[in-house]
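Each chain gets a letter, A, B, C and D, in the order it is written, and its residues are counted from 1.
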Amino acid sequence: MTQTINKIAVLTSGGDAPGMNAAIRAVVRACAFHKLDCVGIFRGYEGLIEGDFKPLGPRSVKNIINKGGTFLKSARSQEFRTKEGRKKAFEQLKKENIDALVAIGGDGTFTGASIFTEEFNFPIVGLPGTIDNDIYGTDVTIGYDTALNTVVEAIDKIRDTANSHNRLFLVEVMGRNAGSIALNAGIGAGAEEILIPEENLGQDRLIESLKRSKKSGKTSSIIVVSEGDQIGKNIFKLAGYIEENLNEYEVRVTVLGHIQRGGAPSCYDRVLASRLGVSAVDTLLDGKSNIMIGISHNQITTVPFSEAIKSSNDLDLELVRVADITSI
Amino acid sequence: MTQTINKIAVLTSGGDAPGMNAAIRAVVRACAFHKLDCVGIFRGYEGLIEGDFKPLGPRSVKNIINKGGTFLKSARSQEFRTKEGRKKAFEQLKKENIDALVAIGGDGTFTGASIFTEEFNFPIVGLPGTIDNDIYGTDVTIGYDTALNTVVEAIDKIRDTANSHNRLFLVEVMGRNAGSIALNAGIGAGAEEILIPEENLGQDRLIESLKRSKKSGKTSSIIVVSEGDQIGKNIFKLAGYIEENLNEYEVRVTVLGHIQRGGAPSCYDRVLASRLGVSAVDTLLDGKSNIMIGISHNQITTVPFSEAIKSSNDLDLELVRVADITSI
Amino acid sequence: MTQTINKIAVLTSGGDAPGMNAAIRAVVRACAFHKLDCVGIFRGYEGLIEGDFKPLGPRSVKNIINKGGTFLKSARSQEFRTKEGRKKAFEQLKKENIDALVAIGGDGTFTGASIFTEEFNFPIVGLPGTIDNDIYGTDVTIGYDTALNTVVEAIDKIRDTANSHNRLFLVEVMGRNAGSIALNAGIGAGAEEILIPEENLGQDRLIESLKRSKKSGKTSSIIVVSEGDQIGKNIFKLAGYIEENLNEYEVRVTVLGHIQRGGAPSCYDRVLASRLGVSAVDTLLDGKSNIMIGISHNQITTVPFSEAIKSSNDLDLELVRVADITSI
Amino acid sequence: MTQTINKIAVLTSGGDAPGMNAAIRAVVRACAFHKLDCVGIFRGYEGLIEGDFKPLGPRSVKNIINKGGTFLKSARSQEFRTKEGRKKAFEQLKKENIDALVAIGGDGTFTGASIFTEEFNFPIVGLPGTIDNDIYGTDVTIGYDTALNTVVEAIDKIRDTANSHNRLFLVEVMGRNAGSIALNAGIGAGAEEILIPEENLGQDRLIESLKRSKKSGKTSSIIVVSEGDQIGKNIFKLAGYIEENLNEYEVRVTVLGHIQRGGAPSCYDRVLASRLGVSAVDTLLDGKSNIMIGISHNQITTVPFSEAIKSSNDLDLELVRVADITSI
């Protein structure tokens, strides 16, 4: 991996996240800064296999820093999971004289990148782009901050209407295996209860807790439910259960869904994405590969792909306590 | 009804809507302008029966014009549907020397107001406050414009992520009997399909239409579904049906729910509410009663309660054509 | 002007306005609906003269309905004001077999269009796209509603901080000749004073009014100033004058500037733009020309260019009264 | 300072910042959690001197987490700078049996708190609430993240309209002594140039840089100017200078002003404020005083007031490089 780097490609893969465009822009402009050629690959590993490439200069990425989604598009690729698929991908890269790759995505993206870089000794660095903040080795992922704001703004609107008596609102947010979005956005939104997969509150304790809230003078409640939570798994069933067992409440359901993946990225996500994108090119020029670039203690950091993909679901107990206290 | 008016009460009733606070503020300040006393009644007709009153001066309503919901709160009252309940309400009004009432709400509110004003010869004017825009005699209701913006902003975020191939998004919006929100917000959001109760598209024609879209080069689609639409009634079932019958698509569901009732009111809703609130006091001072004040052709207008509550579900055929053409 | 129309061009000209993209999209898709060819002209009349054209199909305008600005760009053209320039423009249209034109913009745009259509007997219809709402023959222009929301949202943020005692905020908004934005957004934002060109309040009466506000218990004030207002003309001087003559206040200034021209269009602006764009193609197919399409009483209407460009500055006295009463 | 703590007071002082309400709420609810009494002090040290107090329970702070500003209001107090003033303040605290104080604000707030706690041996902890992020001992201050989002959203709107050729936009943001807002929001907004007090670019180099941008194909530019920057000091003069010396550009000015202090707080600011508020009560119960609670490496941390008020203007050179590269 000591070959000179003259041409770098960039792709986005997996679920898209706000700030991916800002990261692509930073990679492209860092290439221009270092007088390297830059190539955009459309539709992730699928486009890599098909050779769906386009040269990108500094002006190609104007007016995208503020756009959600990814202009390079994203896709899941079955073929890249096969040795043959990856071989085609490698040949496409060679044909275009591409020397290195920046892959923006989540753990699936890094798993593929890691296999590929080991098989073909091809330099790749990864950037963590996912709203789920479930990547080991970085304090935050690109898109997470924006997703939290989106959830909180949505619940703020529900709060306006929650003044009516005896209303209870269930709001389902993303997070299949981890309740990070639910916990943070639940605190930010001032939710009365937060149901997350890591803590299995259970239906009975939920009902008990809601009864206590009612007694303490609360006339309405907002409950944030992570989609991966056991009792929240079918949020409409949960709504029915609460109505039956706490018959003084009308229960209303909101399922935020993919709203959480979009939107103009927050300033934080744009700055983070810009820093990581600039650093990705620096890192490749330093001869490094098979690593993800992250942020830790507000400093740029790197971690091998093999570490990054151990997803970390450690529940932040300080935050759980803050949630409990501030919803008193 | 020719008694002098010295003291006016104001209440909000039914589902709340953005701009209700702006309307209350305008009523309160118009009273101050005309040197009348003003009283706020909390929790609609329920608070009226219970005498849950508070004097309101111009400074009582500062910093509320931009707030969603209603600071007077809203409630449904079973008791006001009874003669006894209404009698208690009348006595509360007399006890406080209240000479007239402004009732802000929807058709349920006006039905109650109409019965009451006829029974007790008590002056009431109504202001249309509901996101549903289903009141006869006014071009728009307070809150409708804000709700449309809320829906469109939510779908804009989904659009960011809809660039991925083969994705189809179902977004459920409010509107049990009328598809006004779905139709307007669907056009505004650039939805590919809009399912409304007035038009029963049916599952088969929906599938046909989606197949045509696909052929015409569309790689993803957003479908806005009014909660009252037949085939959309259970949106998760509809999602399953589409996945089965158009197996190339992953279908994702968003249920906006009560997000649509909240949020800071749009400028339009605030100006409308201010105009109607000022006019409500003018109208009572003119000795009129048993009417709703609305807006028609951008002019203040009045309509008897009896007319206002004939809800009008006429489908706007020009808009249906615009939706069809612009989603081509 | 009875030739068959097979190919329609569309351009945006003058200051841009949110919703212009939605209007372009509707024109393009209406052309597809009627099986007509459609051509986009970049940079307004300048691009028309230079032949800066691009064929547009229904997929060319995807994902733009929610974008501010105009993807066709806009420019002012000196050359189009000359006979020679317009001749070149006509030749470009003929060379491309373009049969008719939709011009989206303000009075300058329509003045040019009117001269051109008369000189060359070339069919043109105009759509009113400007945040200023100063076009005769339409109740509202595309972009106006969005601009009002932008102003109101900005002032809402100032209101949060205005609770501190003895603060006075001056906010300059657009409107050189007319105070329409200031008056509506001022009511919507709950401003204490609104300074507009049509009413020349004068510095002394402003100071008197602020003294009265103070006495009535107001501890802070927000004043919306139209850029065309006499005493507001230099807003920093006005701030100094108030500080000197009302020495209990700290005065803070915000100049909103071009923020008001951008932003994602409101639902209203998108629906309006969609309706007008569809109607533009209908109207050209009906053999009409030299007219602007507008909206009046929520119905599509047309008005000759010669009428549209008589800008109408009639002050809405009902609104002035509402502003006075609600800021009491 | 080993007395038992039974009653804690909380105040906000200095310029207000989004998230202050969330911090107050967390203090109040943490008191309830620990079965302590809690008292709100209105208008900062001024209200402390005057005894403008109000008992606060968990329900007193409902529905404020999402509100900008501070419901306890803020003020500057000359009297608290005098020994006599502080003595009165101490007597008010004793009279109400208040045992400790949480002061939310910036360096002025902490300077006062530090003198007071030393003079009267009265327990105080501080929370950093200011949009300026200029407090030593915390990575971020409450309100900073929201202010960055506000600036970036405003500039996004300007970007929509910047597509027109030959336009240059100057946007003034807050930051008298430090360019932290300008640098971060400038990167986030994709500004072409960022003028900050720490780097004195100078007019000539600015003009040179703009000429290079033009040559590199940029057709419009957005320049973020910190209010403390030398050449930006009078932004209208700077605009004139650029128009004269780069005569191909029309220059437009926006002065954001106090918009930056308001707005609903971001999720980050709400969570941060909640964590710090909970920790403030913990810290007082631990018997500590004369310190500020901050966040460092995403962990709660404390720093003596004497350290916190050494404002730190170290320019983040990594960010300056990111700004330079990404605006290439």
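Here is the rule we go by: contacts are C-beta pairs under 8 Å (C-beta built on N, C-alpha and C of every residue); 3 or more make two chains touch, one makes a residue touch a chain.
These figures come from a predicted structure and were not determined experimentally.
Summary of the copy comparison: rotating chain A onto chain B for the best CA superposition needs 180 degrees, to the nearest 5. Between chain A and chain B the centroid-to-centroid distance comes to 35 Å (mean Cα coordinates, whole Å). Between chain A and chain C the centroid-to-centroid distance comes to 38 Å (mean Cα coordinates, whole Å). Distance between chain centres (mean CA atoms), chain B to chain C: 28 Å.
Of all residues in chain A, those touching 2 or more other chains are 156, 159, 163, listed in ascending order. Taken chain by chain, the contacts form a single closed ring in which each chain touches exactly two others.
Per the contact rule defined earlier, chains pair up in contact as A-B, A-D, B-C, C-D. Listed in rising order, the residues of chain D touching chain A in the complex are 25-26, 29-30, 32-33, 58-59, 62-63, 65-66, 139, 145, 148-149, 151-153, 156, 159, 163, 184-185, 187-190, 216-218, 264, 266-268, 270-271, 274-275, 277-278, 297-298, 300, 318-319, 321-322, 324-328. Of all residues in chain B, those touching chain A in their complex are 16, 18, 43, 67-70, 73-75, 150, 154, 156-165, 169, 236, 252-263.
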